[in-house]
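What follows is chain A paired twice: with chain B in the first complex and chain C in the second.
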Partner chain A sequence: MENHYDHLQEMLTRVDGFIYPNEIELHWGILVVVYPYVTGLVAGAFILASLERVFNVKVLKPTYHIALLTALAFLLTATLPLVSHLSQPGRAFQIMVTPNPNSAMAIFGFVYLWYLMVVLLLEIWFDYRRDIVIWSREKKGLLKWVYKIMTIGIFDLSPKSIEWDKKIGYFITVVGIPSAFLLHGYVGFIFGSVKANPWWSSVLMPVIFLFSAMVSGIALVMLVYMIVSFIRRVKIDMKVLDTIAKYLFYILIIDFSLEALDQIHRIYEAEESFEIISLLVSGKLSITLGLIQLFLGTLIPLFALGLFQLYKPANRIRKWVYFIVGFLVLIGIFFMRWNVVIGGQLFSKSFYGFTSFKLQLIGSEGLWMAILWMVVPVLILAFLLWLLPPWKRVPE
Partner chain B sequence: MPIQIKRHLIILAILIAAFVVFQQLMIPESFGELGHYRANSLEDNELFDIHYAGQESCYECHEDISDLKEMDLHYDLSCETCHGPGTDHNLSPDSVELFIPDDRNFCGLCHAKNTARNEDAVFQIELKEHNPDKNCTYCHNPHAPWELRNQDPQEENF
Partner chain C sequence: MGIKKSRPSRREFLKSASALTGVAVATFIGAPFNGVVIASEPAGAKGPWYGYGIDIEKCIGCGRCANACKNENNVPQKPYYFRTWIEQYTIKNDGSIHIESPNGGVDGFEQKIPEEEIFKSFFVPKMCNHCHKSPCVQVCPVGATYDSPEGVVLIDDSYCIGCRYCVQACPYGCRYIHPEKKVVDKCSLCYHRIKKGMNPACVEVCPTNARIFGDLRDKEGPLVEFLRTHTCQVLKPHLNTGSKLYYNALSAEVR
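Right, the complex of A and B next:
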């Protein structure tokens, strides 16, 4: 019992003001920050890919397959931060086995599955089918069999059959856009629908999550394109970079406006929770929200990208600035998730006090675990780019 | 219908069939009998050890304390709030002793000055100013805090 009180007293040193007992320790740590971040990258990367396919932005062709494979690599690991957060992997299957239609969180498993199996895997398959068949004939050894299995036994490369691939691929992309919106809007909905938490409960939350997802996904694909070109020692097509940067700029403006609207709305409404939220924003979240998310992650990128719409300096400078901007945007959006997930748990629902979050380094909820779930998708992406290299596709 | 679609429909059908079989095998016994959970989990929960005995069981032996407590402001605090879970003590009162808090910080958990705490509901003091060199129990009887004592608590039975 003494241990219990010692622990309580230690925890209470982290508390300011009054707080309910179950709010002293945060239930959702950094892994729950990583999860919407990774899901957002998926949705954003896919939407960039669909720009080329559905909206016919031909300049973006070199990034189309990179964007799709990036989306797949990150989607494959999107739920793993949650599984390790639960610490009982079996529960991940329980939500599928005994689906609860009344729970937004429980149904997410099916939204995820729809997006993975019906949208992303199928789209990539139809897109690569011709190449997979050709590779399955050309390659030797184990790889030959891998490609053979991937053909699922269809080796028909007649023009009619290829035409069908294109048609179906296009159709799946069209279905994929609302699905990508659903996937990430859903993540925002899970937070936005928690009516007991005034920091989360906002009808704008799904839309904000969606646009910030697009921002982060586009920035990621831009970086992946630059890094892949660097590794392959090929020249970066500046037209592609400029076009991606242009879309990044537009979406960033929308994202910034939506978040500003959300905050202005809170300030003007000034509900009873407003005082604690303004203390939260000016206090515990001042660095992660004010400095990192707003200044480094939004204003500097907006300024740099905006400037380049009017004035274009030399390619070398633009390349570096795009690289830095992409990096800043990715960090900014990560901290946007941080500010939502962690920020929403730092203040008491009595509105009279705060607790603190102390990030552990090791352990199943620690920083290293979070880094692991950020590194694994990058490794998967490297593998996918090796297995299905977009630059080695056989020209028609 | 092109062969691609046919083949994928077959795969989809196989996956759905596999899922349904998997689902039937994985649904836990007694799931859904009482609601969207395993009815057996109630029995599982019953098997957990009981730690808190409840204050009625304390009063069976400590009637004097119950009378004292009823008279003063701590009347609505359960014994185990301060003394910790008491089932073991309840079962073997001679061999298991309960925790007796004797620390200013312990009382401070509720009574230390905290601007966010409702002053009308909980009496609060500045721990650093209010007789800082004495234990709270030197003057206050924790069971009846307003019955101030003017003798050494060691000599008094409480």
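Right, the complex of A and C next:
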């Protein structure tokens, strides 16, 4: 508690201009940055997987399962940053028990469950069912039982049942695409519908969140594919990389155009909040928005990926550039979330001044907590890749 | 608190949703149009419908209201938490605007700008607007923030999960997280007092009667009288929050 007061005391000395006295405390910290980031990775990875399946993009086959498992790993932890930032985490279940139907946030629990239970888990299960049955026969010891449990008692491998698995899997994918759109478009709506905050309030917010989600998800799957290939010491299929990069390029263009449109619209309309927002962008957000999100996270990747559409240097060079681009994009999108969540709280709703944000290391809103919720899904992903290795699937 | 929530239950919600079109048309034709100043009330309701008035011309910035509120309502004494506070606006001759609210005005104010540079100066007390269409009630995921039947926006301490969405949604900066209770807190219009027929603590202590509490349905009452005899405006009317906190002599600089 004393710590908290000391922190607020320091924040009080950092106020610029006038803010409402209750605004000293910044309410949504880094965990609320992590939350849309992680959800975005889920939606993006899933959409990439669906592209392969629904549009039958054969080259992307090696990334299909990686993408699905990545989506699952991040989805499993997606709610945890949110729950751990509550002042009353023990009451979190109330959102499911007595939701307020008018609240955008209340719907989260349902969208989440729908997506986790109905879409992702089912899709993965139908997709792996045949292998799980075979593995449950071949493996020994504990692992055998793990697979046995995962079959939930269905061992039927007749050609007809396999045919059905495929059909149902396809159907779930088709349902899954709008669900992924819903999952993340909805996260954008949580911010976009706050009319009190001109930096958030925008109809474009859900769409921007969606496309930036796709950008980050695709970049992540690209990186995971490269890293997994490296660890397994198999050759990276350059056709796969080039195709993913091409998608990344196109979606990044759309994402960039949408964000540019949003900003141009603000600048041209120049409403009451215009002055404070331009001060925000040119001042407190100049590094995270101008340098990291725009320059490093968008323009450089756009330039590199665009260049490769016209001219393809040697594989080795492309590989490295893709790796760096993927990394930059992931950082860029993280800071996009940062600029929305933190940026939107840096100026006073009186439009007469600024507070600041100082990242704390420990505590439920601290950096370590945020890192924890970023590392755990990576570990889960490693586990899932070990349990359900896409490369060890039994050929039909 | 055991207060009846006027938020409809799920069932009523569905019922009303299905009848929505009809109702919308009916209200359009049937009900007289309600202006911005007098917030629309729920149709057919009885009993008091509370609002609040502040006369900026009368406020001397003594800070007694903010002080009384802290004592009455167990608001932490630290200078980061306020149910009500006072802002000092000073417009200089060169047109620049200076606003201050040191410790929310609890300790009063001193004018730091030399007299001859001042074009005009005034105090604006702020508090929850008890919005009839309040964004905070709209966004609360669990319904812990709700409207009482008398038009008071209240918080159920035992229910709030501390997600702070309402803090983000309130355009007026009225909410804070109570550091001991670990739930959100804000002006309750001194519900515990007004239910007993008393005035809110801040109204009680104001030496100049700059604060007026009353029932908007009581056409002979002090608040309606105040609205009739003064030119009143609410804060940020363009946000359509249905604010029931009416200011006399509200200057355009105030946000």
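What we mean here is this: the second predicted complex is superposed on the first by the 383 of 396 C-alpha atoms of A that agree within 3 Å, B and C clash if a C-alpha of one lies under 4 Å from a C-alpha of the other, contacts with A are read in each partner's own complex, and residues count from 1 in each chain.
Here is the rule we use: a contact is a pair of C-beta atoms (placed from the backbone, for glycine too) under 8 Å apart; a residue touches a chain by one contact, two chains touch by 3 or more.
Nothing here was measured: the structure is a model prediction, and the numbers come from that model.
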Partner chain in contact with A:349 - chain B first, chain C second, else both or neither: second
Contacts of A:196 with chain B and chain C, given as first, second, both or neither: second
First (chain B), second (chain C), both or neither touched by A:123: neither
Partner chain(s) touched by A:87 [first = chain B, second = chain C, both, neither]: second
Chain B versus chain C as contact partner of A:52, first or second or both or neither: neither
First (chain B), second (chain C), both or neither touched by A:165: first
First (chain B), second (chain C), both or neither touched by A:20: second
Touching partner for A:8 - first (chain B), second (chain C), both, neither: both
Touched partner set for A:98, first chain B, second chain C, both or neither: both
Chain B or chain C, by number of chain A residues touched: C
Common ground on chain A, meaning residues reached by chain C in one complex and by chain B in the other: 1, 4-5, 8, 12, 17-18, 94, 98, 100, 102, 350, 352
Parts of chain B lying in touch with chain A, wherever the complex brings them together: 2-5, 7-8, 11, 15, 19, 22-23, 26-28, 31-32, 36, 84-85, 99, 101, 105-106, 109, 114-117
Chain A contact footprint on chain C (complex, rising order): 7, 10, 13, 78-82, 85, 87, 97-101, 103-104, 126, 135, 137-143, 159-165, 167-177, 179, 182-183, 239, 255
Chain B partner contacts - residues on chain A that touch it in the complex: 1-2, 4-5, 8-9, 12, 17-18, 93-94, 96-98, 100, 102, 117, 122, 126, 129, 152-154, 156, 161, 164-165, 168, 350, 352-353
Residue ranges of chain A touching chain C (in the complex, touch as defined): 1, 4-5, 8, 12, 17-25, 27-28, 82, 85-89, 91-92, 94-95, 98-106, 108, 190, 193-197, 345, 348-352
